[in-house]
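Common to both upcoming complexes is subunit A, partnered first by subunit B, then by subunit C.
For the complex of A and B:
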């Protein structure tokens, strides 16, 4: 197994305000929600800020917030994950290219369109010349970034690694997800009925963005939805992982695994726990990635009613919204729970309680493809 | 000296040909594969590219992939290269990991169809195909890969980083067998992107030449099969990945620093993991894109690492074009060919050296004893990766 790995700094930019921990999360209530943005000027010079897409602004700020939290100036490596990358600059270049007939294009958005833009910018901003890499495996992108960091820290080839994920909302590319069943239709009718699941969404991008579907959704409704698709959002969570714990330390990152279309998740979980000398009963809190897409939430329901029936279960995507690196929100919440001992009651999916929280297991999947398990422990 | 991770299979496709032997012949005979866009529908028909002259339908047919499956061009190219690598190594796909580098992903499909997603239901299957991870998942399903699926996107160093991660997964015991490499197809998005940066040569690129004037884009895919010691048995080991180094230039989003700091650090780290000194390197397959900036910066870094004793080096970008995320993987195959065939490949289109650096790439096909080959890949975002390949006996 090698060295222990500790989470020494955390940060989160999401639909929720960062410092509302324990004060009650608000449920996402729109098909597409923008993140609650911090004061970016605290982290990025205004001149640079003007050219940056939300992904870069959020990612750079979240990265710097995590470093600040860990009181670390220079990590040995920067490892990022992003499933959909820099969508805004991608679609800007794409539409300019189309409308301009491939001539007189400005390179700015092309330069900023690559998936490694954030990791590169982070290196540039803090002058970190160490190991630098970007993973982009759809909903497992952040997990694979964490896995690389874990491997290096366990092998002692690094001491402190800044790792995190980012996804942004963009008008076109996010809007496309309304056409292929990823995004819920107008929830006002959608959450109430259960129509032909393959009916394409005929709402245009314009409609998706012009209608204001604000908040008439009672708490808990998203996860009980009986329709396809989910609510999308954006965000960035970053972590400072270290081989030595500091005073600020939140938790130990014990292990994680990612499986592509596993045959049996029960077996995968048991194998994973056994590898870490744990039994099912050692997991006192389970955080699940239910997102209200009834086609795929059965992956969670099977565990909820099966091997983890007696375990406290928490949900997070009703507060973070869905995005490829949303599991970062779950890791962030797990760290807060382990450090504070407080479980926000609104996260609870069942009525179990725990006296002392020790081991938190996070299980996430999207569209039944990449399935991840992340194990964190208190100290 | 580190033993290195065994490589038991390799496969490649580019404008030079559909397999490893055709690539070796092209490199040996200094025959490039550059042409002008015919398959790619673009107005820039005057820009040289390394284009594979097969339509997607042709490629899918070679692989027996039904038309209705959503497999974009990068995945088709990758599938052909992986097939060749698997045929050579004869491993089981079951339990094997797949690590793929790509930067374009399915952008070719997006740029063709995105305006019609709303009207045309049939095209909506391409919506998710844009994202790089999708193509890797398609490959995993095609080959029945169950170990793990991973995509890396670090621009032009993606393929090299994928191979590095493959070795790390094996060394750490997380994987026994890994298929690792990279794929990128030509797209109007990238062609116009590089064109807007004004770094495309309107002629054939001239890496390391005083009068170099930019790069030519190419497309292709290459994959290696990496295996843990216990898995090899009696099978042939083509060579070993004995060193790797990854660093960031932290200088500019697209340009490399004058001193080549990132490149210097990645080469230095690669030598360190290989546990060899710089003078052991017999051949360097340089990144050498042919842009003013890269070749100058890389030369500076080479001089810092190798001092006055610069080993034979050449860039093979003028053969295949710069295949972006696939480049590091293509050049890994070339490095293994250099070890196997004991040769240095000629750098095409070189006439005059860059005066201020005084470095001269090898311009002829040269036979010599080769024990260690270094391969450099640098990309946007300051991402620099160097790999060191060695002979099995070394």
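For the complex of A and C:
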């Protein structure tokens, strides 16, 4: 184990409006939700702004917000993650190619359609000539970006790294998610059905959501869904990771791992914790990526009713929506919790309480493929 | 201002994403690059594509753009002389 790695700056652009931490999240209620946009002109010159798609605007602004938060002007490296990249520009130039008989191509949308556009734009804007890379591995994209940053800081290859993820929604490509059941259909009926507690629960582990549980938690309807698919959204979360903590620091990023289709997640978690000299009981809070897709939420339910039954459990995708780098929202929330000590009550998935939060474990998976564990500790 | 001038200004605003600008904000004799509208080299490429797509004019020599894209007036004049559609 090398240097410790601290989170010195954070930022988040999501479907949630700007708010005071702990004053309440609103649950996503549409199949596809756009992010609540900040005033981009505070971070990007209007002349440059006009050419940018939402992914670039959100990512660039979130990156600059994180740098501001950390009071850092120049990182040693920029590492981004995006599963689907700049979909709007991709969609635009493909549509133009099709309508123009594959003859003419708008240079702007073509240039900006690549996944590494954001990291490049970030480097240009802050004039950072350091290491610059983009990870694009579907739902593990942000995790791999964080892992690269973590390893570089632990091995003392850098002191400060700006790292984060971004995803945008687009009319066609996001809509395609409905074809293979990733996007919920007829969600209003679906959510209405969930209110009928007498309806037989089709989720394999039916015990998770009992009547009392629902009565105590009027929110979280998405997470009780009994149909395939989830609600998609867009967003960007960025972090300044450093080998030295500053006055603003939020947490220590201790470790993370990604497993592809693991056979036994219980074993994976215990091995991961043991590597960090921790036991299950050392985890005060577990943040889970339940997204209301009944086909895959059983991965979470197994842990909720199993090895983490006595641990405080929080959900985040009912507030962030699903996107490939949504785990950034969980990391951002964990940092907020560790620094403020305040846990938004609407995030709670069970009624456990904790007096002092020291260790937070984030577990996320999408379509049962990439399973990630991120461990953060308070300072 | 002719219909072509108005059409051109609309296309420029749309193609170059000139947010917050209206047709009347662009003077026909105003320089498009530099101190005028402040367009840059990527915009020049967009304008070359616009000429070909909308008016069937293919610029064989990209340096022609310097003279053609001086203002909306000059662009309209060039289009009238060379358009194939």
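Assume the second predicted complex is superposed on the first by the 349 of 379 C-alpha atoms of A that agree within 3 Å, B and C clash if a C-alpha of one lies under 4 Å from a C-alpha of the other, contacts with A are read in each partner's own complex, and residues count from 1 in each chain.
Following the convention adopted for this analysis, a contact is a pair of C-beta atoms (placed from the backbone, for glycine too) under 8 Å apart; a residue touches a chain by one contact, two chains touch by 3 or more.
Note that this is a predicted model, so its numbers are computed, not measured.
Chemist: Evaluate whether subunit B and subunit C can sit on subunit A together after superposition, giving fit or clash.
Modeler: fit
Chemist: After lining up the shared chain so the two structures overlap, which partner does A:128 touch, if you call subunit B first and subunit C second: first, second, both or neither?
Modeler: Once the two structures are laid over each other on A, A:128 reaches subunit B alone.
Chemist: Looking at subunit A, which partner touches more of its residues: subunit C or subunit B?
Modeler: B
Chemist: Just to be sure I read the superposition right, which of the two partners does A:226 touch: subunit B = first, subunit C = second, or both, or neither?
Modeler: neither
Chemist: For A:107, select first, second, both or neither according to whether it touches subunit B, subunit C, the two together, or no partner.
Modeler: It touches subunit B and subunit C both.
Chemist: In the superposed arrangement, which partner chain does A:117 touch: subunit B (first), subunit C (second), both, or neither?
Modeler: first
Chemist: When the two structures are overlaid on chain A, which partner does A:71 contact: first (subunit B), second (subunit C), both, or neither?
Modeler: Touch partners of A:71: none, neither subunit B nor subunit C.
Chemist: With both complexes superposed on chain A, which partner does A:84 reach: first (subunit B), second (subunit C), both or neither?
Modeler: A:84: touches subunit B, not subunit C.
Chemist: State whether A:51 touches subunit B only (first), subunit C only (second), both chains, or neither.
Modeler: Once the two structures are laid over each other on A, A:51 reaches subunit C alone.
Chemist: If you take every C-alpha pair with one atom in subunit B and one in subunit C, what is the shortest distance in Å after superposing?
Modeler: 8
Chemist: Taking the two structures together, which residues of subunit A meet both subunit B and subunit C?
Modeler: In subunit A, positions 105-107, 111 sit in both the subunit B and subunit C interfaces.
Chemist: Can you list the subunit A residues touching subunit C in their complex?
Modeler: 46-47, 49-51, 100, 104-108, 111
Chemist: For the complex, which residues does subunit A have touching subunit B?
Modeler: Listed in rising order, the residues of subunit A that touch subunit B are 78, 83-85, 90, 93-94, 97-98, 101-103, 105-107, 110-117, 119-121, 123-124, 127-138, 140-141, 144, 148, 151, 154-155, 172-173, 176-177, 179-180, 182, 200, 204-205, 258-261, 369-370.
Chemist: For a test of understanding, state which residues of subunit B touch subunit A in their complex under the given definition.
Modeler: Residue list for subunit B touching subunit A: 42-44, 103, 107, 110-111, 114-115, 117-118, 121, 124-125, 127-128, 130-134, 136-137, 140-141, 145-146, 148-155, 161, 165, 168, 172, 174, 188-189, 192-193, 195-197, 246-254, 261-262, 265, 379-383.
Chemist: Which subunit C residues qualify as touching subunit A in the complex?
Modeler: Residue list for subunit C touching subunit A: 15-20, 38, 42, 45-46, 49, 52-53.
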